[in-house]
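For reference, the structures are reproduced in the following blocks.
In the two assemblies presented below, chain A is common to both, partnered first by chain B and then by chain C.
Right after this comes the complex of A and B.
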């Protein structure tokens, strides 16, 4: 840790907001998708975890432009791990809503 | 925006198709969801995710000499202070100019009156 490692807080926040924006939309759309596919129990959560990780990978590759260290302090943890739990309620909400709409009996 | 529109259209179509399928299946034999609905849902998801990633691009900045400059990084902003101040240096402002000038609090009418008087004096 040398002395010229000063960070710009505004840019850190801007990057986090952008990642959050992508994860918000991804989790809602994955909820709609698992509702349409009428997935149940563990399958829906599997779709969520795999789908969000793929989307994060896309973010990592496209937005990171090969030098992700420049944009996040701890890239792997911030991009892949920290958003998984926080976005789950939105996913479950859309999942339940669309599931109920699609699979009406009779 | 186009990605969102296409993706939502596809999702709506897939959802309605799935609804119809379940409605039909409840009267006849229950069968699994057709492959084309599954594929349509996955394609729509990918399109919307891709659209959300392309929607977070950095907007270009305008310098004092009316030149449009774009940042080196297309999507995110560099967090190290040395990299972060580069755009400000190109544009010609300091990081605190926004606080020093407070454009929102400038009294435009007073400024214009002042300018009009100055023009009159010049004539």
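Right after this comes the complex of A and C.
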């Protein structure tokens, strides 16, 4: 008996969708924030990584209710690692847009 | 950090940056709606095919979960499944019929069912490509030849030919880019925006397409013959070693409770 069968695939997928939703909003908001702060190059990416990890940590603690491995098959990897690269384009887009809007209006 | 040595007209962002973004968001939403409208309603399968599929599922779940059965139950089920899997009772098309039908590969190509499937796939890919080409031409014709924005991060010179397309200043910092690169950034980065606007349902259309294609492949022309699959499953069941969870259960419960 492997423990894989104890998970329902539909529920796992819906949990992932919820995490994705949180990460979508977080990356857009972080993009806007770093645009407003007119961060450049590495500082912006640092803000992104730190901010997203913070949001992921909150998700881990609040939504996971202390037993996150009930909701995800490999919680650490899925919550903290896999979203970082996938949400990068959304962040970069918002960052560029808001940066352009803010920096040229001087 | 060097100071900004180019002054960009603030009007650029109102008349170039925002229009491109808005157009791309709207086109993406329209494409989402069209794909949901064009989604074909699932067709009814002939009952024999459904029965065949479900019987195979049943055999598979028996193989996977046989440990919860007592030895007697296991024996009865094994006997029944073996008999049915090797006979033609649950096959949608009996093997003799199937061989006569499958001999002509041309008949499969002209099969209306397969054609419809290919039409749907072609349609969805067209819906992906046409709007993108249209927007790209629009951006290229209307907004080419000038710099619209400064990216907040430095890039290597390799991107110069792509991002500063049509700007004849060879020594310009690569951070200053033309409209087409804003188009590319949008193309990559708009997915979260779509998923927030479209209530997270139809946002990830690529993922959905992949999921739709999986069940299709089973029924596709290259699929293995069902009677072969049944035979293989029968062999699986034949070699199954049964270990019931009930054997020695009393002993284990007693041990666990320290008695």
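Heads up, the rule we're going with is that the second predicted complex is superposed on the first by the 98 of 106 C-alpha atoms of A that agree within 3 Å, B and C clash if a C-alpha of one lies under 4 Å from a C-alpha of the other, contacts with A are read in each partner's own complex, and residues count from 1 in each chain.
Keep in mind that, in the parts below, contacts are C-beta pairs under 8 Å (C-beta built on N, C-alpha and C of every residue); 3 or more make two chains touch, one makes a residue touch a chain.
The structure presented is a predicted model; accordingly, all values stated were derived computationally and were not measured.
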{"item": "Touched partner set for A:55, first chain B, second chain C, both or neither", "value": "first"}
{"item": "Partner chain in contact with A:20 - chain B first, chain C second, else both or neither", "value": "second"}
{"item": "Touched partner set for A:8, first chain B, second chain C, both or neither", "value": "first"}
{"item": "Contacts of A:90 with chain B and chain C, given as first, second, both or neither", "value": "second"}
{"item": "Touching partner for A:29 - first (chain B), second (chain C), both, neither", "value": "first"}
{"item": "Touching partner for A:63 - first (chain B), second (chain C), both, neither", "value": "first"}
{"item": "Chain B versus chain C as contact partner of A:72, first or second or both or neither", "value": "first"}
{"item": "First (chain B), second (chain C), both or neither touched by A:103", "value": "both"}
{"item": "Touched partner set for A:38, first chain B, second chain C, both or neither", "value": "both"}
{"item": "Common ground on chain A, meaning residues reached by chain C in one complex and by chain B in the other", "value": "5, 21, 25, 35, 38, 101, 103-105"}
{"item": "Chain A-touching residues of chain B, taken from the complex the two chains share", "value": "7, 11, 14-15, 18-19, 22-23, 26, 33, 37-38, 41-42, 44-45, 48-50, 52-53, 55-56, 73-85"}
{"item": "Touching residues (chain side chain C, partner chain A) in the complex", "value": "1, 4, 8-10, 12-13, 17, 21, 64, 67, 148-154, 182, 185-186, 188-193, 195-196, 200"}
{"item": "Contact set on chain A toward chain B in their complex", "value": "4-8, 10-12, 14-15, 18, 21-22, 25-26, 29-30, 32-33, 35-38, 51, 55, 58-59, 62-65, 70-73, 98, 101-106"}
{"item": "Residues of chain A touching chain C in the complex", "value": "1, 5, 17, 20-21, 24-25, 27-28, 34-35, 38-42, 44-45, 87, 89-97, 99-101, 103-105"}
